[in-house]
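So, here come the structures, one by one.
Same chain, two partners: chain A is paired with chain B first, then with chain C.
So, the complex of A and B:
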């Protein structure tokens, strides 16, 4: 097992190398670099000469846009990255790791709470639906979940803002701090004020994601319910509760745990669209902006972070498989 | 053979499909509700027709409410299982033999499959319950100095509950004949696994892959033997594994099902079935999925344990050889009905029903040289629209004019042998008398 994990981690180094190369090349091939968009007005109005501008580009290693120039730039980025120097963001002029660290907390909080709610609601609901297949509960839950799944994030998000924040005025949106909050408010008041802002985004994320997991649970439970060993369990005289929560659930868990391991990157990666719609300064929104303006150090570090989490998530899924299913053995 | 308008069509029109699903959901709701209701035990208590029997099936009907229509999988089956005997139920695939056995356990695949009529009488020994529905324990007694019999008390002054040989509490029991077809699911649970246990056809998939063999055996012990300790359950389970001929019971106890071969798994299934000393073991094609040498071992094992637990076996199979070897009585089924019953001798030496004769003829033999095996011509009628005449009529070589009449009643040809066919008459030509028992 340990041997297997080490082998997989070594293998993933190569994957990450490939991923970083592709992302770097793609960012460099964007039509306008950060500095071009930044200094274009000055350049056009003659405040800055072309030589001065080229000097700035050369300073950041962005002057040569030929293939080998890009490779050279990549090499520079890679050696720094491996040594633990993630670079300084063009936009913010701050260390990348500081930006990611400062903004990840809120994103992680939102994702974590909504994932927890999703699991707590979707899995029992899926099992309940499977046990009452084609019953009233099943149809109602399925229809509601489908409706939830069908909404685009920005649409549902804006709808919620319109109804509950603007029309009814129940919740605050736009950032994390109310305008009306007094400057000398205590930490607890500030915390509750922040929670107040997070209700709608979390609600939107849960509504959107619940359907998939619920249907997945339902399908898997139905499959297990028809298995021969469930009939055996019933033939033993076990109560229906015991049959479902011991024999069925333990088998339904196998694909579910694997599926949930894949959500690791989304947990830390932030919800780009939700954060943008609700104006939450989370990592998702920051990364979206970084990509848009070509903030290479920040975009690269964020993408590498997500890539690493993905690789770890897949490894975790494989390990969890061996943990929950005794038939699976990981051999190095 | 004019087919009705309905039979000719191989599709269902939309309005028909709508009507079927409406009727199905109504029927299913009714029967599911009936299974869940709470009733007094008196409501499903009945009397045995013959005191010697453990189980009596009487005009059992089990239907499947499918989208294409109602499938009458078991359509008026009557036979009985005498105490201490092996009854073989034979018939081709889809004739309703498995569904009959699943009905006995109330394990028919719900919600589409439901027992809709008839009765299954079973002599059960159930726990006596007090007014509040609790089991009544039997307490240990002792004789005190003055010679009186008094309850034995423990250190705290509480009465000590009597323990049986396995270490479980002893409760007051009562013998009661119950009608399983009318029993609510909740009451059925104390019979499953304790009074009647079942061995399934597919040992490869009948054990839960994520639990150890030990876990799956212990579960039954904990469930049905109250007051038993962890250690005692484990010992009992290992003892059972030893009983079914597993060489290394302690090792197997810790293993997962996928680490065992098919034969071993079937032995484990038998061990699970034996754990509570059931009165009746239902073996649903226990050897079909096994190779021939293992088959013989498993059959020997079944015979041995039947002697040991002094119970009965209902053996379901389509293998005539297995029946000939194991069964005392044989029930032949065709298209959801019993067509012939008798002792093994009756059926094998003097088969009467043309279908039974056909079955015998289609068995491969070693001594006779034949080019190709005999096969009964034609097909089983469509289970959704069963004809009202004899179901075997269209395939029968000895079909008569009479056969187009209503479905033939059972005629008792000898003391033990009865057949549902117009070719035969009552043993002493008595006026038509309905005889359904073995």
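So, the complex of A and C:
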């Protein structure tokens, strides 16, 4: 087990190295780097000379855009990154880790609540559907789930904003604080105001992702239901309730636990499009803007953050598999 | 347990997830008779009774069985009909429309359809301590119908450039529905080639290819698309539809990994089966073994993954359009049309501009998923009921 994990961790390092190299080269190839956009007016009006501009670029190591220049820049980035220096954001002038930490909270909150709701709804529903295979409930739930899965995030999001936020006026959207909120509002009022803004985004996220989990649960439950030990359980005269909750459910959880490990990137990495649609200042929207303006340190760190979460999620899935199912031995 | 080991070696257990998730039973009544069994029974009974039973018992080829099972499922038929409708709508529809998305009659100059827009500026001033507000109202009347209402001439109104939205929706479908084929075919070719190599030859070839797969599948795709868009714009591709195609082609370089995993996993298990041993004993060449004996066995899975892939590419195109990084904004694609929903005014007051494209995108994805699921169940010999 330990040998296996060490081997996998070494492999993950290799993967991250490859990912970072590809992303760094791509980001450096982006045409209008942040400084070029920022100082173009000054350059054109002659307030700043080309030499001064080049000096600024050189200061950030962006002056040499040849292949070897980019490689050199990558090496510089990598050595700093390994030593725990993630760089300073061009846009905000703050340390990248501070920005990520400050904005991750809200993204994590939304994703966490959505994930909880998803689990609470999808798993019982999936089991229910599997037990009534081809029944009315099964059909309705399957079709509804597939419709939910087919909706593009931004379409459903904008539809919800139009109907529920503007037409009906039930919810607030756009940011996290209502314009009408009095300045001296207490902490509790502020909190509920924020919750009010988060209802629609969470709803959208749940609708979009519930289908996958529900269908996964259903498939696995069906597989378990056909297993010999379920027949044995029934044959020895257990009540259907006991068969389902004690024998089926526990075995269904094995693949589900692994499946949930894969949600790690979405849990911490924020939902770029949902956050952009609803104007939530989470890590996803910050990263989106960073990529748009070419804020290299922030964009790089965000992408690496996501890649790391993906790698860790996969590793976690494999380990969890061995943890929940004692039959599985991890061979290194 | 063996599968498990493979999983741990290649590091990414998505194969397993993809496969297990797949067995959804959208099919209501699966074909119960087994083709082989039917044949055999027919022959034995023939011998016993001395009469020709094969004339009375219909023997279906495997392909026919799959088709029959596919059409028995209500959902897959609904999906297929929806797809046919969407394709007809996009490709034959414009022939019946008086409007065009580019060239020809794009704008409506009929006076009764033109709507004036009003704008006002309020100026506050004070005279003798009393406050007054003056409203300066400006009326602008365009020479053609823009942002027009829904009427008999324009079933979904007109947009800000004077295009007929309903017609634009048809033209948009041409791009959005077909672009998936480019991507999916490229992805499948790359994936089969590399996944096949990895699975068949194993050893260092497998190691090399699967490590590349690991790296590529860890790259977040949305950020990469944002970067690529800026890159292509700087190369002067920004104002032609070619940009969308180039972006999609680049995406295939990241998207083939799924197919490669699928193919590799299948080949690893097929390689050990008796028919491959027989092929080896018969002294067949490597290429013949791969192309005649291994690949035909994974075609069902490939067809299913391609169908589902087509749906997801529509979503990708729509996402690119929504973020404004796909085809140039005046090109008619469903993604570009739904882009208008991000504008608050359009979202609230001109829902006719984007609602149609959103529904079309959702319908298309849903239909491809229904058909893909139906095909998977139809191909799966274990799915009996």
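Here is the rule we go by: the second predicted complex is superposed on the first by the 330 of 332 C-alpha atoms of A that agree within 3 Å, B and C clash if a C-alpha of one lies under 4 Å from a C-alpha of the other, contacts with A are read in each partner's own complex, and residues count from 1 in each chain.
Just so we're on the same page, a contact is a pair of C-beta atoms (placed from the backbone, for glycine too) under 8 Å apart; a residue touches a chain by one contact, two chains touch by 3 or more.
Note that the structure is a prediction, hence the values are computed from the model and not measured.
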Requested in this report: Once the structures are superposed on A, label A:195 by its partner contacts, choosing first (chain B), second (chain C), both or neither.
Outcome: neither
Check the residue A:29 against both partner chains and state whether it touches chain B (first), chain C (second), both, or neither.
-> second
TODO: Could you say whether A:237 touches chain B, chain C, both of them, or neither, answering first, second, both or neither?
DONE: first
Of the two partners chain B and chain C, more of chain A gets touched by chain C
- Message: Quick check for you: in the superposed arrangement, does A:146 touch first (chain B), second (chain C), both or neither?
- Response: second
Residues on chain A touched by both chain B and chain C 327
The answer for chain C against chain A in the complex is residues 1, 4-5, 7-8, 11-13, 17, 20-26, 28, 75, 211, 214-215, 218-220, 222-224, 226-228, 230-231, 233-234, 311, 315, 318-319, 322-323, 338, 341-342, 347-348, 351, 354-355, 358, 361-363, 365-366, 369-370, 373, 385
Contacts from chain B onto chain A in the complex sit at residues 105, 107, 109, 185, 189-194, 197-198, 200, 202, 205-211, 219-220, 223-224, 256, 258, 269, 272
The chain A residues in contact with chain C across the complex are 4, 8, 11, 14-16, 18-19, 22-23, 26-27, 29-32, 133-134, 142-143, 146-147, 149-152, 154-155, 158-159, 161-162, 166, 212, 215-216, 218-220, 222-223, 255, 258-259, 262, 265, 269, 272-273, 276-277, 287-288, 291-292, 294, 299, 302-303, 306-307, 310-311, 314, 317-318, 321, 327-331
Chain A residues touching chain B in their complex are 226-229, 231-240, 247, 250-251, 254, 324-327
